[in-house]
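Same chain, two partners: subunit A is paired with subunit B first, then with subunit C.
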Partner chain A sequence: MFRQTPIRTGAGIALIAGLAIHASRGGYFDREIVIEIAILAMLAISLDIVAGFGRMISLCHGAIFGLAAYGYGTAIVKFGLPPSTGLVIGIALAIAFGALVGAICAGTVGIFYIMATLAFGQIAYVLIFESRWLGGDDGMTGVRRMDLSLIGLNMRDSLTFALVCLAVLVLVYIAAAVVLRSSFGRTLSGIHANEARMRAVGINTRMHKTAAFAFSAALAGIAGVLKAQHTMFVSPELLFWTLSGEVLIIVILGGIGTLIGPAIGATLLVLLKHEVSHYTVYWHVVVGAVLILAVLAGGRGLFGEFEYRLARWRARRRARRGTGGAADA
Partner chain B sequence: MRDTSAPPPILEVRGLDKSFGGIHVTRRVSLALAPGERRVILGPNGAGKTTLFNLLVGELRPGAGEIVFLGQPITRLSVPARARLGIARSYQKNNLFEELTIRENLALAAAASLGDTRSFFRDCFRNPELRAIVDEVAEQVFLTEILDTEVRNASYGNRRQLEVGIALAARPKLLLMDEPTSGVGPGMIEGFNRMMQALPRSLSMVIIEHDMDLAFDVADRITVMNQGEVVFEGAPAETRDNATVREIYLGDWQGHA
Partner chain C sequence: MSGSAVFWITQLLNALQYSMLLFLLSIGLTVIFGLLHFVNLAHGALYAMGAYIGISLALRTGSYWVALVLAPVAVTLIGVVLYLLLIRRLRHAGPLSQVLVTFGLIFVFLDVIRILWGDIALGMDPPAALRGMTSIFGVRYPTYRLFIIGMGILIMVVLLVTLARSQIGAMIRAGVENDQMAACLGINVERLFFAVFCLGCALAGLAGVVAVPVLSATPGMGTDILIPALIVVVIGGLGSLHGAILGSFIVGFMATIGAVLLPGINSVLIFAALAAILVFRPQGLIPARG
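Coming up: the complex of A and B.
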């Protein structure tokens, strides 16, 4: 059951503030990193909604992300539509794909769910890779950013774009938190805890899981549309399953089912990648080692482990006080 | 002439049949439950009692036969669709929301019964109607004091109480309880007895129970099953005296005691 605790709010504010300061004080390269983190964090939060609160481990969130990016890019490059229409098309495409995959996979669980979503993601990847009209493996250039000059924002400026990405990340987090605390989210958490019992009390769990997957896809779609605007270029790699895998690693590293943990995980992974790649091209080895450690340490992830230890420490302190200091630790 | 004063049964089962491969687990079972009736099902292990429950709630599909609930055929309905019509069950093996609190366990079932599960903004846990159900059910199953305990930290006995509590929080018209006292001590069986006696008379119940004293205390009527068949049905007093029942069930039970 999702709880927006003061610790989580604090961690979120500290993270966003830190990234905003890093972007405004740093140079172009630092801003690129902040943008990369913000977009990956949105994608990780969207995956945590289904993986951490609905027991749906998806390996097609990269494909959803990429489809939204292509939806945005295609609308602008191929149809000459304004970017605002591209935004709607990109997100709508993500929702449609998410609802379709979610509905078909809703009856499966565990490893079968992972495999089914992986297969659907790869189908989307291959279709785009093979499409000459969409540029095949060359991708598509000429994707413009949205024009927000009406509200005084110059999106071509790297600092402005980085801050817009951070603002959208905050909105994505709030949307996820509100939905997870709603009637819909409570019921989803019930399905996560015991799907069979939820059916026995009258919940159509397949429909509920499908709706949750579509909502998650909408947030992944927002990240995809921002990605297309960031690089001003889309290519089939965005849909490739390794991105889905990387996001899943981020969610597990940060703390699955904590919502803010995956955002922290995205930050650490991107920073780690950039730091380690100064020294070696084999940065994946380092990330792999960290992942193995995280899983062996109990699978709670960095933020999850932190919350777990904090809760244990508080419980022990309460017990000591309650029994006049005589309690066994 | 038909007796027009007797209300139609809330649940009617006709010729229900189920086989797993070559094993015939349910054989032409028929029974009718009057509104508000408390029916206890007795029978040795493997008699097909839990299978009958699985057929009634839709977790299994029968090979033949029909189930009618409140005058409506439900044989082809899904588990959640039957639950929404007002059938709830508790399980012989605890089937709870382990990582959640007892309050949350009851609230999830209550939200389902209120249909408050779809809003993306409103929080059903703040719904006063839901809170009223949770408080009422907590009192019925004696869990008021420990509502905020996580299930995984609760005692086995408390989990058995919650098992029934979740079914009650779904606000059923028909409650199926599969061995509610399974694995609990004599002191707690007495508690379960009081709990069942205090439930509203309007709630129809079918209870699978192995504790004889509790069964004869609670039951309006008793159905005895053996090898997938209904072998006897009658009032508790008749059951005690029935020769077939003594032979196939009570004899076996006394042998174990």
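Coming up: the complex of A and C.
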């Protein structure tokens, strides 16, 4: 069950503040990294909603992300629509695809769920890859950013864009937290704990799982639309399953089911990738080894492990107080 | 013979040859899942290791046949190390942990291959006896590819007969059906499963060596073949030998013949078939448990 504890709030504020300072103090390259982190963190949070709170391990979140990016890009480049309409189309496309995949896969569990979402994601990838109209494997150039000069923001400025991405990340986190704290979110947690029992008490679990997946897809769609604006270019690579796998790794390393953990995981992985690539081109072996060790260590991830130890420490302290000096004897 | 007949016979033989590679690979995947209930995504990496070790052995010894025999042995040793270090520990850990750890292994093996053998695609010549073309059904077809088809069929028959007729086959069938009951009847299920796991690794290594003269080896080859092999296993039915055979033919022919009839769309059809099976018949076309 999700709780917005003070520690999570504190970690979130520290993370956002740190990234904002890094972006405003640093140069162009640092801002690009902050943007990359913010977008990946949104995608990781969206995956954590279904994977960490609904036992739906999706391997098609990359495809949802990419579809939203393509929806945005296509609306602008192919139909000449304004970017604001592109935004709506991109997110709507993500929700539609998410609802469809979520509804079809809702009856499957475990490894079958992973494989089925992988299959649907790859179908979307292949269709876009093979579409000459959408540029095939060359992708699509000429994607414009949104014009927010009405509220005094110049989106072509890298610092402004980085800060907008961080602000959207905060909104995505708040939306996820509000939904998970609602009665809907509690029902989802119930399905996570024991789906058969939730069905037995009269919950339509299929409908709840589908709705949760569609909501998660909406957040992934927001990330996708920002990605298209960031690179001003979309390519089928965005939809390929390895991106979904990478996001799943981020969720696990950060702490599945903690919501803020995946955002921290995204930050660390992007920074690690850039740091390790200074020393060696073989950064896959580092990530692979870290992932294996993280799962063997209990699979709680960085933030999850921190919360787990904290809870254990508190429980021990409470137990010591409760029994007075007897425990020391 | 007319040109189109030659074309179609060639395509059918290509499809058959690809099916055989998929079959060799999916055997390991499917028995490891059926017996050990373990999702081994690193199986594709074992295939890639087989290919690269085969290349090195063939270079050192100058003989393809030495590589063909020793590379599967080396891959089996790698598999044994993985089994003792990771797989045994994660057998009861749930699919997510298994997927993640073996996903991590894919990353590790990818870079190990790049460090040891480099990024460039490596090739290997088929042995002298299998070079050139052979006439079959009125078409001239590479002898080496016929060798792959023949070897695949041979292994298929040996496995089918062993599973259906031998005592060890009966023990494996009992283990898949109900491992606890089999253990109660005095079968050392752990040792049996371990032996089957080793066989699966050896076949993956064999598929790797055999594939090199046709496909050439790249660091990403294991990841590339993993998804088709997983589709084979799921379509056929996890843990089922008959299912793996049927699935290999379905995916092999859809990929090869589909590429001729519906270029570009054929892989969508394969994934659609996978999705349909997962949603409507998750036990697969030929389920392992009766």
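The rule is short, and it goes like this: the second predicted complex is superposed on the first by the 326 of 329 C-alpha atoms of A that agree within 3 Å, B and C clash if a C-alpha of one lies under 4 Å from a C-alpha of the other, contacts with A are read in each partner's own complex, and residues count from 1 in each chain.
Simple rule for what comes next: a residue touches a chain if its C-beta (ideal position, glycine included) is under 8 Å from a C-beta of that chain, and two chains touch if they have at least 3 such contacts.
Computed from a predicted structure; not experimentally measured.
Colleague: In the superposed model, which partner reaches more residues of subunit A, subunit B or subunit C?
Modeller: Greater contact footprint in residues on subunit A: C.
Colleague: Just subunit B (first), just subunit C (second), both, or neither: which does A:205 touch?
Modeller: In the superposed model, A:205 contacts subunit B only, not subunit C.
Colleague: Of the partners subunit B and subunit C, which touch A:81 in the superposed model: first, second, both, neither?
Modeller: neither
Colleague: Please indicate which partner A:122 is in contact with in the superposed arrangement: first for subunit B, second for subunit C, both, or neither.
Modeller: second
Colleague: Give one of first, second, both or neither to describe whether A:182 is in contact with subunit B, with subunit C, with both, or with none.
Modeller: After superposition on chain A, A:182 lies in contact with subunit B alone.
Colleague: Determine, under the contact definition given at the top, whether A:105 touches first (subunit B), second (subunit C), both, or neither.
Modeller: A:105: touches subunit C, not subunit B.
Colleague: Quick one: is A:197 in contact with subunit B, with subunit C, with both, or with neither? Answer first, second, both or neither.
Modeller: So A:197 only meets subunit B here.
Colleague: Scan A:170 for contacts with subunit B and subunit C and give back first, second, both or neither.
Modeller: The answer is neither, since A:170 touches no partner chain.
Colleague: So subunit A touches subunit B in one structure and subunit C in the other; where do those two contact lists coincide?
Modeller: Touching subunit B and subunit C on subunit A: no residues.
Colleague: Under the definition above, what is the set of subunit A residues touching subunit B in their complex?
Modeller: It is residues 1, 178-179, 181-184, 186-187, 189-190, 193-194, 196-205, 208, 215 of subunit A that touch subunit B.
Colleague: Within the complex, which stretch of subunit A touches subunit C?
Modeller: Residues 57, 104-105, 107-108, 110-112, 114-116, 118-120, 122-123, 126-127, 130, 241-242, 245, 248-249, 252, 281-285, 287-292, 295-296, 299 of subunit A touch subunit C in their complex.
Colleague: Can you check the complex and tell me which residues of subunit B touch subunit A?
Modeller: Its residues touching subunit A are 57, 78-80, 83-84, 88-89, 95-100, 104, 107-109, 111-113, 116-125, 127, 166-167, 169-170.
Colleague: Taking the complex as given, what residues does subunit C use to touch subunit A?
Modeller: That would be residues 39, 86, 89-90, 94-97, 99-101, 103-108, 110-112, 114-115, 223, 227, 230-231, 234, 264-265, 267-268, 271-272, 274-275, 278-279, 282 of subunit C.
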